[in-house]
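In the two assemblies presented below, chain A is common to both, partnered first by chain B and then by chain C.
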Partner chain A sequence: MSTRLPTFEDVQIKEVKGAILDKRLLTGGVLFVALALYPGLTMNAYHTRLLAWIMCFAIAALGFNVVLGYTGLLSFGHAAFFGTGMYTVVIAMQSAGITDLIVLLVLATLMAGVVGAIIGALSVKTHEIYFALLTLALAQLLYVLAARDVGGLTRGTDGIALNRPDFLGIPIGDAPAHIYLMGFYYHVILVCLFATIIVLWIVLRSPFGLTLKMIRENEMRAEMSGVPILRYRLYSMILSAMIVGLGGALYAVVVGHITPEYLDWTMSGEIVFMTLLGGIGTFLGPVIGAGGFILLQEVALNFTTYWHFTMGLVLFVVVLTLREKGIWGGAKALVDRVNDRRDDS
Partner chain B sequence: MPIESLTVNAFNGLYFAALLFFASVGLTLVFGILNLLNMAHAAFYGLGAYVAVWTLNNMGDVTTSTVALLTVLVLVIPLVVFVLSAALDKTVFAPLYEIEHVYQLLATFGVILMIDDIIKFIWGASPITVDGATDPSRQLGTLDLLGVSVSAYRSFVIVIAIACAVGLYLMFVKTKLGKISQAMSEDYEMVQMLGINVNRVRVLIFSISVAIAALGGALFVPFATATPAVTLEYVLLSFAVIVIGGLGSLKGVIVAALVIGMVRSFGIAYFPALELAIVFGLMALVIIFKPEGLFGDEGVVE
Partner chain C sequence: MNERNTRISRRHFLKGSAAVTTLGSLAGCALLQEDFGGEEIDGIPDEPFRIVQVLFESGPPAFYGEEAMNASDMLVDQINEDGGLIGEREIEVVDRLDEDAGPDSLISDVQAMAQEGEVDMLMGIISSAHSLAVAPAADDQQFPFLVTMPGTYQLFEENPDMEYVVRTAGTNAAGAVGAVRMVEQMDDIETVVTVDPDYAWGHDHQEMFEAGLEAVGVDVEIIESRYPELGETDYSAHVSAIADQEPDLLFSSLWGGDIATFVSQGVDGGLFEAVDESLLIGDTGAPLLNSLGDAMPENVWLGGRGGYQPNYRYDEDESHREFVDEYYERYDQLPGWGAYHEWMGFQALQEGVESAVSIIGDWPTGEQLMAAMNNIAFEAPHGQHTMYGPQAVAPAVFGRPTDDHDLPVDHPLLGEFEFIEATEVNPPQDVLTMDWVDELEPVTG
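For the complex of A and B:
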């Protein structure tokens, strides 16, 4: 049996009514414009940086949830894809002399996809905790190779500093750091996040996405209906790896210095944490989870240096109480309950 | 390859294997008997290490006798952690037995983060070491083994590990507690229906497992520094050990600890850059080709 994460309560295809879709599109559009205008209106570099940071991890968490929430496989090795995205950007800039942002992002996404295909091909046959432990082992292998600088590409634990990439031949990378981030790079991340949301929304509601859910819900039935399970699991790993890699590539420019820590298993743990916090059984949960995780960390850091304790406690409580719903699913359920009560009275 | 360096590396391999055995045997027992995948298990190894450094350094004013120091390391610290973990089993870990493995993994990852910060809160984030005066490894000096001088303290650790393995084996084969635990690993509900207080057995097995991890950590520090990174390193290594040995097998842990101990010792000597890569590569190969591990399809002590 596959991992039976009891996610989505209703798996039947719902006819999304035109009105609801319009409302969602409208909300999304307003949110996009508001976020796009935020740095220009407030001129707050700290907030812009925080939002950029959150959005990079929102992309990664969305990508991770393709495997955990939709295919029902817990991977503990997604740092491999995140780190591959980061290292691809920095190595392509330093060694190959590529400075165009678009080329770098495409390259990083493809490289993460290749690593995802390799790790996926090795691990999709295994189940449950064995899948988690195998992805952990393979990702850790990559981490050790990068940390010990085997192959001479990564400069070991010192890491590599990164310049700011240009855009379409315009040498925008020469601009000062805060102008680069607030006037240009922040918006690139924003566009990437919304593009990811739209692409995933379409893909996961296509026959492909429904097949993934079918495998998660009942592997044997899927197999009997003629679904090549292993191949679909591999596809979901590759898709997931590419999106996580994109998140990593975008984040690389935000931090500006890449060390092997981003390949370490605690990084995988953080991505799992964010996704779970937001709710693996919901589509937008991972975005909320990434925001919640990073804001919580910032708030906790303001009060105490022992923010790990706070995060550990939150993770523990979320796993035991909200499970697959997360804070986003929990909030939705709460709203539904309040509405029901209002309808009753 | 000169015979002396072979002996030294084999001896160090045994020492690593002993530490790995301490760190991971409880993990596999708790999984095999109680069906709990406790990622935070190795955090108690780290905790044991810190408690040991702190205790040894504070003992300097009272006594520096080797026997007293070793008694504290081998008996007192594991006993204290035994009581502590019995309390934790009743509170923090109690709800975890009911949920799926995947969620256990995630919740106990949260526990690692918490223990990590508790350690930093009490002892600070910078590494701490045992003072020279109260360091039993210095007091004991060296022994002569096949013409090579080796640390007497390391030999002591190896002996304790062997004693611990034999003790566990005898416990499972000879005592009532051991028999019940073996039955529980086969069919938990049936044991419960026979009128046996499974919760009491659970607390005992869990506390023994955690105490052994703390014992390992305590024995580890005279030769190394206690840092927060110890926990994270041993979480991964102990998972590698139990996966290679087969989840839930005592024999598997012993064999896998020996394999990884030797790989690390000879790896550090001959391929220093690849030493950890070999460990994780081995772990991946075992899951791919023999997911049940070397002895995982057998019972706890077969």
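For the complex of A and C:
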């Protein structure tokens, strides 16, 4: 029996070429341009920051969905990767004196991948609730290390502030905060988000991604087909951790002050919430979920002191009515139904 | 205790000087008020001075936020009854942000407020960690932020160049070093156990207390340091362990509901019979005494960074008496630390506006207003509340629980007050707190 496994090289070139003409890609291009022009056209720093915030978490939620939506593993420890990304940036800046954004992002992504490999290696043998609890417990270990200021790197629960990084030797970090965000950093996040979408879109449609789906759908059948399940789960954890870490690294500069709360299980819960809200069964659902979650929180906070209740209620309704489709899948289903009716008439 | 008597008499002298300075300052303010009455001030905006408050409206520390909200509602009404700031511009609290939403949301809101330009100042905040995140963000946005409650000494030491932020709460150095000063005066203390919440506030206090004790050279040993979780509900293991050690002194910076639970369970577990003395410095006083009632042990010193006890200088200080009476009348309870911190904030605002207008003859910009709040002093229950640059320096005040008081509540309040001057519990301006604590000099009578 052949044990040769599908690799990235098997991506169908034709499929990719065809996709270029896909109207979805065209829509994506238009959206990218619109988002890129938004700060310059509106000069609205608040909206720009809000969009930057959403996009960072959209990247994290997309990364998380690799494990939940594609591999079928519910992790409650993804704050570990998000926080690792954040702390890597700030510690590398302050302790190692690295100030270049690109180097920092690469370092943070790799470090999150390493943490993902360790947590993954220790947890992928377990299933369902055991996997969720094990990832949660392992992530909490990192939280405790940061909160206790082990090694004197994190300054405990008071957190640690970071300066704005430079870019390719240009001391852009010295620019005023709103100019830095609106004129530069927002666009870096935007590029990272679209790059993440494209990379994930390709990877998850490659034989590698299809193998992950196979494991999710029928683990035993995958195993019988010769797929080394544990290794593939580990790969998906590493990939997921790296993307979530990238989101965290990008967000560290937006928020400017890192506390251990970003490593806490509540942060993992928020990432799960976003992904569920958007729809775990859809590719772009997590992006919509991140936007929906953050906007909902901002709106709820403005209108009621019972914003926790409001958020819980919305999640309850979404999960109960739309299930794994979430907002994005639900919206797509609605559009399809409207189109069907129009065709019928 | 001869040394102690000497010190107390010196403090009485200091209190006297503080009172004289206060009178001088009030006279100066009265003159300023007269000036405003005689002249037309240019450029006073038509709309009220719009404040957004940030405090915990939900979550465990919400009781602290509630006290602050109560006090600010009351103080805004009082100021507006007199015509507003400098008698000309009313104050309006246009919104309150729930700190429980976390720094992400708070920073985003600061950006929105700075962008929209419809709010004049952000005020409040309870969590030290939140203040470290939000204050630099507000400064980045050039948005005035009057920080009223958190105690971390790192706020201005980490961000020394902030021009749009001032803090009217004393730092946690006052409580921790104040405790060192108290130990200096105590006889027969050889062993100490510390119990502090397991986050930066607690660790900072413990480190400062330990380093301070070592620096002043008192012959005491910290035999154990315990760090219960923030929001712990069962302290029985800690209580038993400490009671078994029978230390001469128990030191704690637990605060809010935590200290109430700890003391309550400590009383049940016989803790306060096993220790000779306790120093509970986590902003403790009336709220704790209210929740414990008659169960409150007597061999404890309560207090912290400021004289925020309703019956402290109640008779001597008219403005304090009015504050306590009005608060009690409105809310049927005595003001706690959150309320006092807000009071200091509003005093700084009033004083800052007066000062700025008297200098520039016009309504100040946000930057001018915040600059005007630097290096001022105003009246507080503990005498002059002085700002070293943008940071208040508070004295430490401790007291013993007693039923011997005249206020209309049926729970104990504090008596036998010990006042320790601000300069003895805070570093000089521009000196880092931990550097100063490491070199702390013993107080000589």
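FYI, the second predicted complex is superposed on the first by the 324 of 345 C-alpha atoms of A that agree within 3 Å, B and C clash if a C-alpha of one lies under 4 Å from a C-alpha of the other, contacts with A are read in each partner's own complex, and residues count from 1 in each chain.
One rule holds for everything that comes next: a residue touches a chain if its C-beta (ideal position, glycine included) is under 8 Å from a C-beta of that chain, and two chains touch if they have at least 3 such contacts.
None of these values were measured; they are calculated from a predicted model.
After superposition onto chain A, the modelled positions of chain B and chain C overlap sterically. By the document's definition of touching, of the two partners only chain C reaches A:H257; chain B does not. Once the two structures are overlaid, the count of chain A residues touched is higher for B than for its counterpart among chain B and chain C.
In the superposed pair of complexes, A:S95 makes contact with neither chain B nor chain C.
When the shared chain is aligned, chain B and chain C each come close enough to touch A:H308.
Once the two complexes are overlaid on the shared chain, A:A45 sits against chain C while remaining clear of chain B. In the overlay built on chain A, none of the stretches 220-228, 274-282 or 292-300 of chain B clash with chain C except 220-228. The interface of chain A with chain B overlaps its interface with chain C at residues 148-149, 307-308.
Put simply, chain A touches chain B in their complex at residues 3-5, 74, 76, 122-123, 125-126, 128-130, 132-134, 136-138, 140-141, 144-145, 148-150, 265-266, 269, 272-273, 276, 306-309, 311-316, 319-320, 323. Taken together, the chain C residues at the contact with chain A in this complex read 57-58, 95, 97-98, 100-105, 107-109, 111-112, 114-116, 128-129, 132-133, 136-137, 140-141, 152, 154, 158-159, 198-200, 203-204.
Interface of chain A with chain C (complex): residues 44-46, 49-50, 53, 147-149, 155-159, 161, 176-178, 255-257, 259, 261, 297-298, 301-302, 305, 307-308. Residues of chain B touching chain A in their complex: 37, 92, 95-96, 99-103, 105-107, 109-114, 116-118, 120-121, 232, 236, 239-240, 243, 273-274, 276-277, 280-281, 283-284, 287-288, 291.
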